[in-house]
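Take a look at the structures listed below.
You will see two complexes here that share chain A, one where it goes with chain B and one where it goes with chain C.
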Partner chain A sequence: MKFGIQVNEGPYTHEASVSALNFVKAALDAGHEIFRVFFYHDGVNNGTRLTTPPQDDINIVQSWSELAEKHNIDLVVCVAAAQRRGIVDEGEQERNGKDANNIAPGFRISGLGQLIEAGIQCDRLVVFGD
Partner chain B sequence: MSDVKKFMYVNRKAPYGTIYAWEALEVVLIGAAFEQDVSLAFVDDGVFQLVKGQDTTELGIKNFSPTYSALGDYDVNKIYVEKESLDARGLTIDDLMPLTYEDEDDDWAEKDSIRVVTAAEMAEILEQQDVVLSF
Partner chain C sequence: MSTLHTVNKSPFDRPSLQTCLRLAGKGNAVLLFEDGVYGAMQGTAVADTVKEALGNVSIYVLGPDLKARGVGEDKLIDGIKVVDYKGFVDLTVENDKVNAWL
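Then we have the complex of A and B:
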């Protein structure tokens, strides 16, 4: 089965992103396809490489990046939500005249159409959030 | 037309206090361009999103409620509001903004977009959907 995933909450504050991470791993283990993971609302905070959790805790951002690299998963951060919350890639940095960027490896910033497309293309769209 | 899916956006939270309602509306507006079969559900505190006369002056944040009135122009005209959620909050349909659309199949007659349905009816409507986005 082809899954689309929507993550609506940031890491650590809310369990949603870890639940999504576990769901994606389990789905892949079971032979399913992950078409895309779309990060919305505070979920965009899953995509900053500046996250530095305590060493005895899970590094959620890094876990997403590793998963993306290993399984070639499309991790998309919503541009409108990202701009509000300061998640920036090189393109956004240049476009908005910012002095830095912070997007984590394996993530890309794009529009809400990517979420709708996931709904259209996938057999199931699974939303993780509050 | 077989590639058209039934999309439902479920709005469960009050309009201010958190950003979920506003960012959900942004998804609906973008999603309208994809020409899918779209409907909206308002349940729990989500029914407050449609209350008329919203004034955020004292909050100091944007009042986005006028945007709901534009949904008809985006061909988003199936708006289901759960009766039990209204009742529990002392609201009736008269407390909600009148949302309308022009029916192209009926000489562009102006019609109401909002339909108040029971929780049981809402469950049936949800059952019919292909994609449910919950906010």
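Then we have the complex of A and C:
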């Protein structure tokens, strides 16, 4: 079955991101396909490679990046939510005249249409948030 | 058409569980996870509401989140079923839609 996942919370605010990670891993283990993970609202904070949690903490951003690379998962960060919160890729850096970018490996910035498409294309859309 | 309702907050933090149980259709499934697992415990202020709802919906609770909070399965209301993450995935497959009560 084809799954779309929506994450509305940042990596270290509530449990949503870790729950979503666990769900995605379990779905992949069961042979399902993860069509896309869409990070919305504070969920965009999952997409900065500048996150540096203490060594004995789970590195949630890195976990997403590794999972995306291993299973070729499309991790999409909402552009409007990202702009508000300072999540920037090369294209956004240039477009908005910023001096740096911080998007984590495996993530890309795009629009809300990507969430709508996931809702249409997927058999199930599962939402994790606060 | 069956719906899986997910509730991830404690019923003592906000009323999402109570609202969900009031509005869920007959034969629907409800999964309690994260702090939502407190709604599955015996003897709480919402336990009677949850017990009553079991006549209308199937209620499941996520085992790893119970364990994280030190809630033993012997503390659960009779009739509530414990599932792991694979069981969570299976519930989303068995039901036609998934509705998160955020």
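The working rule: the second predicted complex is superposed on the first by the 130 of 130 C-alpha atoms of A that agree within 3 Å, B and C clash if a C-alpha of one lies under 4 Å from a C-alpha of the other, contacts with A are read in each partner's own complex, and residues count from 1 in each chain.
Here is the rule we go by: contacts are C-beta pairs under 8 Å (C-beta built on N, C-alpha and C of every residue); 3 or more make two chains touch, one makes a residue touch a chain.
Computed from a predicted structure; not experimentally measured.
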- Should A:A80 be classified as contacting the first partner (chain B), the second (chain C), both, or neither? first
- Message: Contact-wise, after the overlay, does A:G129 reach chain B, chain C, both or neither (first, second, both, neither)?
- Response: both
- Task: Could you look at A:H41 and tell me whether it touches chain B, chain C, both or neither (first, second, both, neither)?
- Result: first
- Of the two partner chains, chain B (first) and chain C (second), which one does A:G119 touch, if any: first, second, both, or neither? first
- Contacts on chain A seen with chain B and repeated with chain C across the two complexes: 8, 125, 127, 129-130
- Message: Using the touch definition from the top, list the residues of chain A that touch chain B in their complex.
- Response: 6, 8, 40-41, 80-81, 84, 111-113, 115-117, 119-120, 125, 127, 129-130
- Message: Under the stated contact criterion, what part of chain B meets chain A in this complex?
- Response: 3, 5, 7, 19-20, 23, 26-27, 30-31, 33-34, 36, 130-135
- Note on the structure: Per the touch rule, the chain C residues reaching chain A in their complex are 6, 8-9, 33-35, 64, 84-86, 88-90, 92-93, 97-98, 100, 102
- Task: Going by the contact rule at the top, pick out the chain A residues touching chain C in the complex.
- Result: 1, 3, 8, 14-16, 19, 22-23, 25-27, 29-30, 32, 124-130
